[in-house]
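You will see two complexes here that share chain A, one where it goes with chain B and one where it goes with chain C.
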Partner chain A sequence: MTSLAAASEAGTSASRRTRFPILVPILVVLILLGVAWYISAAQLDSVTARMLEPSNVLRRAGEHAWIVFASTVLGVLFALPMGILLSRRWAKYLRTPLLAIGSAAQALPSIGIIVLLALLVGTGTNTAIVAILLFSLLPLLRNTLVAIVSCPPSVTKAAAGMGMSGTQILMRVELPLGVPVILAGWRTMLVLNVGTAALATLIGAGGLGSLIDSGMQLGRMDVVIIGSLLTASFALLIDWGASLLQRALTPRT
Partner chain B sequence: MGLNLFEYFLRNADDLLELTLTHAVVVIVSVAIAVTLGVAAAIFSRRKTRVRAVCLNVTSTFMTIPAMALFGLLIPLLGLGWGPTITALVMYALLPILHNTIAGLDGVDPRVKRAAEGIGLTPVQVFRRVELPLAWPVMLIGIRVTTLMTVSSAAIAAYVNGPGLGGDIFTGLSRIGGAGAINQVLAAVILVVLLGIILDLLLQVLGLLTGARRQRFSRRGAAS
Partner chain C sequence: MTTMITLDDISKKYPGSARPAVQNLNLEVEKGETLVLLGPSGCGKTTTLEMINRLVTPTSGNIFINGRNTSTLKTTELRREIGYVIQDAGLFPHRTVAQNIATVPQLLKWQSERIEERVDELLEMVHLAPDEYRNRMPSELSGGQRQRVGVARALAADPDVILMDEPFGALDPITRGHLQSEFLRLQDEIHKTIVFVTHDIDEALRMGDRIAVFGPDSTIEQLDTPMRLITAPASPYVENFVGGDTTMRVLGLMEVRADEQSPSSAEIETVESGTPTNEIRIAGSEVRDILVTDDRGRPQRWVLADALDDLSGTVSDLPGSVPVEIEAGSSMREAAGALLSMPGENPRAVIVDEDGRVIGALTLADVQRAIAESGVPPSEQVGERV
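Let's turn to the complex of A and B:
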């Protein structure tokens, strides 16, 4: 428990460090300008040109965004209540074994879950969403649990002394105080989702990864590089947006 | 299916053992390089706030880049195989190590440092005999986090013909619908997780042997 708390603490302060908020968007804009310049200026053969058509790139980005959005929303809807349930006193003896399983589950390879699920239930976008969701649940679940459990007893006892019920203590004391840790878990989950969604193309779910993959399949190195740059830019932008949201929602103390 | 999987393990024991060991070597090499670089960067940037901020920002940006994109960017530079695999894994492994080393060193009570200076230790001695041992438990947590993460992301390296168990996952995918594809992938996933658990246990034993638990006890004592 000590080690887990310390690990999640480490995660929180790392993500809350100032990140030069303007630097990331500038970098992304420069990358996008470079990519646009290359597509318009270079002599592309017909295969490459078709893969890099703006309509195709935008469609891939849209697929990527949908996979990330769906898996993140479902993940929050599942992990947040689960974390709260597990923080209740009756779940005390469930916690230690579950946290141990959770720590071993960190070694689960994302690609393995995606491929396994595709083999079991078939390929496609929905399979990808579920696989990504399963893979990324843990950080938010654990941070929610740790945030509530590590609320100082002096605070909860004071709240109880004021006559608050268990639910009131949860809603008005434990959860608000846990917001920074919960948000850090949410952001970790989001970043994992964006990264894992790049693998979705391997099971026929599209996304920006499919630019990289088709470039590899057809031996077009420029498509591989552009696909990678776009995928990385997408991830950096999402994480940047999440960091702004995190800063806005974190109560100042 | 359970029996089939068991049979699959028995029939391919040699191959699977070799793949697992290769996977372990990839992880250990990457984590070792990352520990060297990360600890060096943490020590180098100790009193330089700006350098430290840059190091943390750069390594956390690495971590944000999807594995598929990072491998895609490394292929033109390093080709296929071990080169991009180790490079990408080291890039991902840096942040937890750097971060926890900094946190560990910062967490050393300044009074302890002053006491050490007071009994006549030189700055190097203070660092090696006081600060480093006290920071070690926190550093070890970073190494454990990194190791588990590296075990899991090393599987994706098979996409750039990287060595290890990931190859079986991709082969299984290419044989989708074929007999035995599920067993092949399931076996690889199980072995990856087992490898992660074993390496984590080894690191915990290392922690016990090097006294990384001492701080935990003292902290509990202080809290009560």
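Let's turn to the complex of A and C:
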């Protein structure tokens, strides 16, 4: 009995700690090394060289990171409380219509939202951030709601029966138990943001997408490819980091 | 006896349902008793229970605990003073056994050392070794162990009142039986006031000091002791719910005792092993079967009266048979089962105390007499079904 228990414990902790994902960072490092090698070694014409100048690439990457960061932080600040509010019993009848609106919004092409919003409020980084955030809210909102309302009723009943207040049940039981589902929604949001951020260049907000865009316009295929590779590496790296965070925060059950 | 919980004309009607879930219910629970709410599903027994800790708010009527009207108290504070155990335990899956048990003490902001001490004490109480189980997660426990933790969690802040909603309902019959007897033993020490909901008549008879049988129309059909419920059902509904098998159920409620309940006890003659046979013949004028015991009074062998003709040696030399032992306090139902499975025309078992010493004897005639005196209607005794 005890040896069995010990074995199963060892089993879970082993599956927890091994299989640390190293494939993605290795891949990203290889891509970056390849790009760096190409920029330094290849015979570039002056236009290409200017576009691929390290300071320019880094500036674009910085813009990209800022757009992703700002839209994600604002998205979490909005979607998480909203999901919690919708999970309350009094909001029961708001859930279906709001989720329907959210799904419909997500079905719109992101490029449409970005351009429309730019037409309405003007171009610039802030518009891009808001547009991107509108597009990626739904996964986190929906997962937060689902995580809370799908908490086993026997558990919430026991919690209430022992004298926890509504807030205590939320903070000590429903949210901790919902962490895996909420984090999955957050990760989806993040990946959507990284992808859509490549479109920010269309309304003058820069980002790695502008490498692709200007490469296309000036007919420099190598710039387009490098821009795409960098955007993809960025997305992979962010998703990898998010998966690590998800692992670390998921409670042991 | 003082009253611990009073339900005063309680009704509950859910919006949108035609019939009230509970209607004009009056009930008093005495301090230290276990009151079972028994009935089919949908009869309002769980609603009644949940109105006591205000998980359900009564539509009308008042509930008093220890003389205080519960509607005047803050619900969270009220609930922290009441232990609560539900089916499949409802443990928090993301918290360890110790953290689960510590829930209410933490809400009451106890010092952490006091909580740790209390957790270990409670784990001992429900027979889980603290060192082994303290840091386990609920998913690493069996169903029975989870329910033990559930009971420990309900007892954590030492509440006067404990509400139990089908606490053993999800367990297999063997585990359920174990937990029931353990809980009875625990209750003997802690004397809590317990309201216990079940739909299982045998569980009700076993656990309850009194049983309230709920009818289909959400009223109490009968509120009585287990014995009265079986022997004097107040209505055909109760009779039907309690079901047949009356005699065996009555026996299940009676304990084996070595007093006037089993007159054979007076007739038993014990002799310590090694006693010369001729001394026995002089001591007893009438020759009876004798029970040979060791020097501590524990039974060894029956020696039949016929064999006592041989006066040459000691009782230990005579032929005999191994006695069947029944511990005092076990149920008459078990004892009757043991007697019926023994060979011979007039089977008899030895009643021993907890140290295994002889204190009496039990025969089938004693069992029959006990049934007759319990007040079971005679027609039931032969098992006739009308």
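Criterion: the second predicted complex is superposed on the first by the 233 of 253 C-alpha atoms of A that agree within 3 Å, B and C clash if a C-alpha of one lies under 4 Å from a C-alpha of the other, contacts with A are read in each partner's own complex, and residues count from 1 in each chain.
Simple rule for what comes next: a residue touches a chain if its C-beta (ideal position, glycine included) is under 8 Å from a C-beta of that chain, and two chains touch if they have at least 3 such contacts.
Please read these numbers as outputs of a predicted model, since none were measured by experiment.
By the document's definition of touching, of the two partners only chain C reaches A:L177; chain B does not. In the superposition on chain A, contact of A:S165 is made with chain C only, not with chain B. By the touch criterion defined above, A:T123 lies against chain B but remains apart from chain C after alignment on the C-alpha atoms of chain A.
When the two complexes are superposed, the chain touching more residues of chain A, out of chain B and chain C, is B.
Contacts of A:A235 after superposition on the shared chain: chain B is touched, whereas chain C is not. In the superposition on chain A, contact of A:K157 is made with chain C only, not with chain B.
Applying the stated contact rule after C-alpha superposition, one finds that A:I39 touches neither chain B nor chain C.
Applying the stated contact rule after C-alpha superposition, one finds that A:A107 touches chain B and leaves chain C untouched. Overlap of the chain B and chain C contact sets on chain A: residues 2.
Contact residues on chain C toward chain A in their complex (touch as defined above): 53, 55, 75-81, 84, 86-94, 103-104, 107, 132, 137-140, 153, 163.
On the chain B side of its complex with chain A, the touching residues are 53, 56-57, 60-61, 63-73, 75-76, 95-96, 99-100, 103, 138, 141-142, 144-145, 148-149, 151-156, 158-159, 166, 169-170, 172-173, 176, 181-182, 185-186, 188-189, 192-193, 195-197, 200, 216, 219-220. Within the complex formed with chain B, the chain A residues making contact are 2-3, 6-7, 10, 13-15, 17-20, 23-24, 103-113, 115-116, 118-120, 123, 191, 194-199, 202-203, 209, 212, 215-216, 221, 224-225, 227-229, 231-232, 235-236, 239.
For chain A in complex with chain C, the residues that touch the partner chain are 2, 5, 8-9, 152, 154-155, 157-165, 168, 173, 176-177, 251-253.
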